[in-house]
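Chain lettering (A, B, C, D, E, F, G, H, I and J) follows the sequence in which the chains are written, and residue indices restart at 1 in each chain.
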Amino acid sequence: MASKPSPDLEVFPNPQTQHDYTIRITIPEFTCLCPKTGQPDFAELLIEYIPDQLCLELKALKLYIVSYREQGAFHEDVSNQILAHLVAATQPRFMRLTADFNVRGGIYTQIVAEQRSPNWQAGNPVQLS
Amino acid sequence: MASKPSPDLEVFPNPQTQHDYTIRITIPEFTCLCPKTGQPDFAELLIEYIPDQLCLELKALKLYIVSYREQGAFHEDVSNQILAHLVAATQPRFMRLTADFNVRGGIYTQIVAEQRSPNWQAGNPVQLS
Amino acid sequence: MASKPSPDLEVFPNPQTQHDYTIRITIPEFTCLCPKTGQPDFAELLIEYIPDQLCLELKALKLYIVSYREQGAFHEDVSNQILAHLVAATQPRFMRLTADFNVRGGIYTQIVAEQRSPNWQAGNPVQLS
Amino acid sequence: MASKPSPDLEVFPNPQTQHDYTIRITIPEFTCLCPKTGQPDFAELLIEYIPDQLCLELKALKLYIVSYREQGAFHEDVSNQILAHLVAATQPRFMRLTADFNVRGGIYTQIVAEQRSPNWQAGNPVQLS
Amino acid sequence: MASKPSPDLEVFPNPQTQHDYTIRITIPEFTCLCPKTGQPDFAELLIEYIPDQLCLELKALKLYIVSYREQGAFHEDVSNQILAHLVAATQPRFMRLTADFNVRGGIYTQIVAEQRSPNWQAGNPVQLS
Amino acid sequence: MASKPSPDLEVFPNPQTQHDYTIRITIPEFTCLCPKTGQPDFAELLIEYIPDQLCLELKALKLYIVSYREQGAFHEDVSNQILAHLVAATQPRFMRLTADFNVRGGIYTQIVAEQRSPNWQAGNPVQLS
Amino acid sequence: MASKPSPDLEVFPNPQTQHDYTIRITIPEFTCLCPKTGQPDFAELLIEYIPDQLCLELKALKLYIVSYREQGAFHEDVSNQILAHLVAATQPRFMRLTADFNVRGGIYTQIVAEQRSPNWQAGNPVQLS
Amino acid sequence: MASKPSPDLEVFPNPQTQHDYTIRITIPEFTCLCPKTGQPDFAELLIEYIPDQLCLELKALKLYIVSYREQGAFHEDVSNQILAHLVAATQPRFMRLTADFNVRGGIYTQIVAEQRSPNWQAGNPVQLS
Amino acid sequence: MASKPSPDLEVFPNPQTQHDYTIRITIPEFTCLCPKTGQPDFAELLIEYIPDQLCLELKALKLYIVSYREQGAFHEDVSNQILAHLVAATQPRFMRLTADFNVRGGIYTQIVAEQRSPNWQAGNPVQLS
Amino acid sequence: MASKPSPDLEVFPNPQTQHDYTIRITIPEFTCLCPKTGQPDFAELLIEYIPDQLCLELKALKLYIVSYREQGAFHEDVSNQILAHLVAATQPRFMRLTADFNVRGGIYTQIVAEQRSPNWQAGNPVQLS
């Protein structure tokens, strides 16, 4: 998928870099075009990440998401591409993208992709009863 | 269960083979026939897989699912058979099929089967708090 | 609890013995009698099992469940007894029974019991993100 | 918290001591008094336990719960005290108490406490896919 | 973010220090101001902690939460700051704060941060089936 | 349907006969037998009535409901019969019975029947906005 | 739409013809074929009727519904046709059919049609508060 | 039912007497005692009223509700009695009380009673589409 | 609002014109642009109509809806305009449009507009109990 | 309640004055202060109106709502006051305000007030089956 120029993602310094913590961003209004039919596709995106030095600025993130409105995009491709853009912009310790696409032809599709920083070690999460 | 010829499943190259990622496909409209009574059975299928070199093409998948409409099929048998066909077509790193059958005789049945590639090592999933 | 003769459970050969897979059977219509008061008790049963060589035949299972309709049965006792009968009939790799009893005296009770074959090793389940 | 005499808890022999199994008891109608204001507090209790030689008799349990109706009790204190009483009465392999208190001052509180027998080793639970 | 003086948090002695247990506090009525626009933000807070020697007093906690009503606060910043204040006041074995902010610009944000005492070892939680 | 003798329904004097008011009684545990197959049927009953001089006593009502446990009964028939019995016992100003039968053969059935006293005039209900 | 011969609907005498009462039948498993594409369509049907002299026999109704499995049928057409068949078979005082079709092309369609007997006068329903 | 002295209900002047408007008050924490068994009963109360010159003061209302904690009370009786007390205190244009009692003996009971001022004419509510 | 040329709506003959019946069409994927900010707006549309001689063809309806993707449109304006277009195309006996817009600035907006044919008389709907 | 000066509400011309239509505005983020305790209160507001010549501008409406943040306000008073302000600004054919206040002292309160223009006649709404 040829990557069309997209608005710049913006970042700001993570105010707390000492401990791992999680940021979850839910975007119910993603829309792009089906490359085969030209008809619109719709999805809800969930971004979950553990920031390192940088956090995603939400207003710029929204404009970035809107920039897909007129792009043709296959489900698997666009999900991995968005993750790659977000990782490149924020260099997080860990990031996961979940894209829930609306039903097409009676079939629902969800893509979940993630990347972790090579220098980062996932902690042992405390499971509370 | 004698396997009736089914429409060919189609695949396309996985656009991102470097990292494991998950594709979930929900198909609420599976129907086949009960081999004993000839009456229709209904199920919702969930396919979850980590692609290797190939991804499932959704339009062909739908025709494959429709091809069961006039087949007699026992719950346990048909679930394992569909998984086998999907694995043969896509050679995934991992695939799981969940089939939720509608109530019959006051009883609800669900079948969950999975296969993993012998060359593939399941990663250590990051659990976010 | 003196075990009253119950209808025979029936089985059929597991069509896929090579890999572990899970069968879930939900039965919302279990009823027996309270041994103290003689009044009816009601429960929803969930049977989850990994078959070995044999699968539970559902029509006979239903008749087996109906056979409790006029039996007196304590919650803990009858749950363990049903599990024992099902295990004896199918010799599964693993089986779990969950019995959710309706409220009595403002109190809800659930019993969960399980058995695993001594020759069977539980696999390492793949956790998908 | 000075422990006011409470009705005796009653037990009966566990009908199946060979394998660990779980009993869950939900009691939506717990009420006591706030020690500061004298006003009623309300909670839903969940008792989860793996019995050893003894099981909780439900009718006596209900009377025990009702005995808190006129007692003053702080959330953290009463939750740990009830657990201690139930453990003393049944000597279970494992027991967990969850107390969900109704909103007070716009704030909801939940207490979760558990104890395990020193002689008991928690099994490796089978995770079904 | 310059920390404005906030009302004192209050604590009381943990009535049961022998075993780890969990306290969950849900506060649906957090509100502060957006530092950029001056407009109100709203969030639901969840505090989960394993107390050591001290427990959070709820009435003082509520006043502390109300003290943010006229403060400007970024999502990531204020969540980590509240956690730091609560940890400083109670010195818990473990504490986690989850802040679910209301939608802004079509985007929902959640922050989850946690801290554990260096002297504390997380137990092996019993997973009941 | 030949009416098998059933336990006596019991009544008590309506404590407030001056104004119409509504009593709703929900019974989730009705079970009888299918006259064709002898297999159990299950239903949830809802009784709604405006009492005149008499109210239904609930303990006797429960025994009356239990008396159907071994009776064969068609859906339409048994619903109208129960309503007739309840009306005969209480002579209400108005009574409605709703019977929601569990799924059979993939089909769910509900019966709603009502009777009103010839001497009674339905009021004009106040619709609150 | 040319009407393909369908299995006979069967009826039985209404056991209570004196008062109007309502029968509701929910059928979640209707499927037919799209006349344009030949692909399957799915719907949930709700039949609501006030019987006069005849009631619908459910087993024959199910076979009637199954007879649409291989028929091509437009939404508006088939809904009105089914209603016409059911009315012809039972001559009810009132009948309403609601057909909820599964999403196609991102659009959900529901058809609601009804007929009433010319000799029948709808009663004044009692609205309970 | 002998009426035990209860705390005084308090009222304040209705700030808007020109137009009818509705006040709904939900109280999930009503509890009294069963006169037969002495065991606690629980209910959720809903008060809906159109005030005339007076409104119910909520703090006094809560104390009034708490005053039933040690009273024996039959469902039908106590519901009508509470309504009578509230009407006597506020002289509303219209008032309705709904009492949803917790399950007892597998049976759920709801009482709905209402009164309207003889001088008041219910308006014609506007039904918005 | 200047009306940009939109794809033609298409119609087909109503297969059953003798009786009034209702067609409901739900479209969860409406999107247009905010005329002030140029940013996307999203809504779910519900069309409910009683056809006269013509029914809406769904494929053309979908293209019509997609034609708003790049149009600027105020909520109140676009809702009334879509209704006007649909009424002009189908000349229905009755039509209602409900547009549920996604939250903007913490505020959710819904518009409901309807038109009825001057020659048409709304029937007296049968209310089933 | 002394009315503190509030930001001006703004209006724009109703784009469709020929037919009645409904606008619903949901505002989940209303907060004011309790006049007795000075502590914050929270409510969700629903505004439903049939515009005449003017519609509410949403951005100004939001600022108007925010202006209550530091005002003391009783539930019944503030609900009627907001309705009066909105009616004064828009002179609608009909307007209804519903205010759902968060729980206080275990009690939930809802206020519903409405006004209609003296020159306006409520239409006969079409009830679709």
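Definition applied: a contact is a pair of C-beta atoms (placed from the backbone, for glycine too) under 8 Å apart; a residue touches a chain by one contact, two chains touch by 3 or more.
It should be emphasised that the depicted structure is a prediction, and the values quoted were computed from it without experimental measurement.
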{"item": "Both-way neighbours, i.e. chains that touch chain I and touch chain A", "value": "E, G"}
{"item": "Graph separation of chain A and chain G (steps between touching chains)", "value": "1"}
{"item": "Count of contact steps on the shortest path from chain B to chain I", "value": "2"}
{"item": "Comparison of A-E and C-E (more C-beta pairs in contact)", "value": "A-E"}
{"item": "Interface residue identity across copies chain B, chain C - same or different by half", "value": "different"}
{"item": "Fitting chain B to chain E on CA atoms, where both chains share a sequence, rotation angle to nearest 5 degrees", "value": "145"}
{"item": "Chain E and chain G: spacing of chain centres that average the CA atoms, whole Å", "value": "56"}
{"item": "Centroid distance [mean C-alpha coordinates] between chain D and chain A, Å", "value": "43"}
{"item": "Separation of chain E from chain I, taking each centre as the mean of its C-alpha atoms, in whole Å", "value": "46"}
{"item": "Numbers and ranges of chain C residues touching at least 2 other chains", "value": "22, 28-29, 42, 96, 102, 104, 106, 112, 114, 126, 128-129"}
{"item": "Chains touching one another, given as label pairs in label order", "value": "A-B, A-C, A-D, A-E, A-G, A-I, B-C, B-D, B-E, B-F, B-G, C-D, C-E, C-F, C-H, D-E, D-H, D-J, E-I, E-J, F-G, F-H, F-I, F-J, G-H, G-I, G-J, H-I, H-J, I-J"}
{"item": "Residue ranges of chain J touching chain F (in the complex, touch as defined)", "value": "96, 112, 114"}
{"item": "Chain H-touching residues of chain F, taken from the complex the two chains share", "value": "14-16, 19, 21-29, 51, 55, 58-59, 61-62, 124, 126-129"}
{"item": "Interfacial residue positions of chain F with respect to chain J in the complex", "value": "128-129"}
{"item": "Chain C - residues contacting chain F, complex", "value": "28-29, 31, 39-40, 42, 66, 69, 102"}
{"item": "Chain J contact footprint on chain D (complex, rising order)", "value": "102-104, 106"}
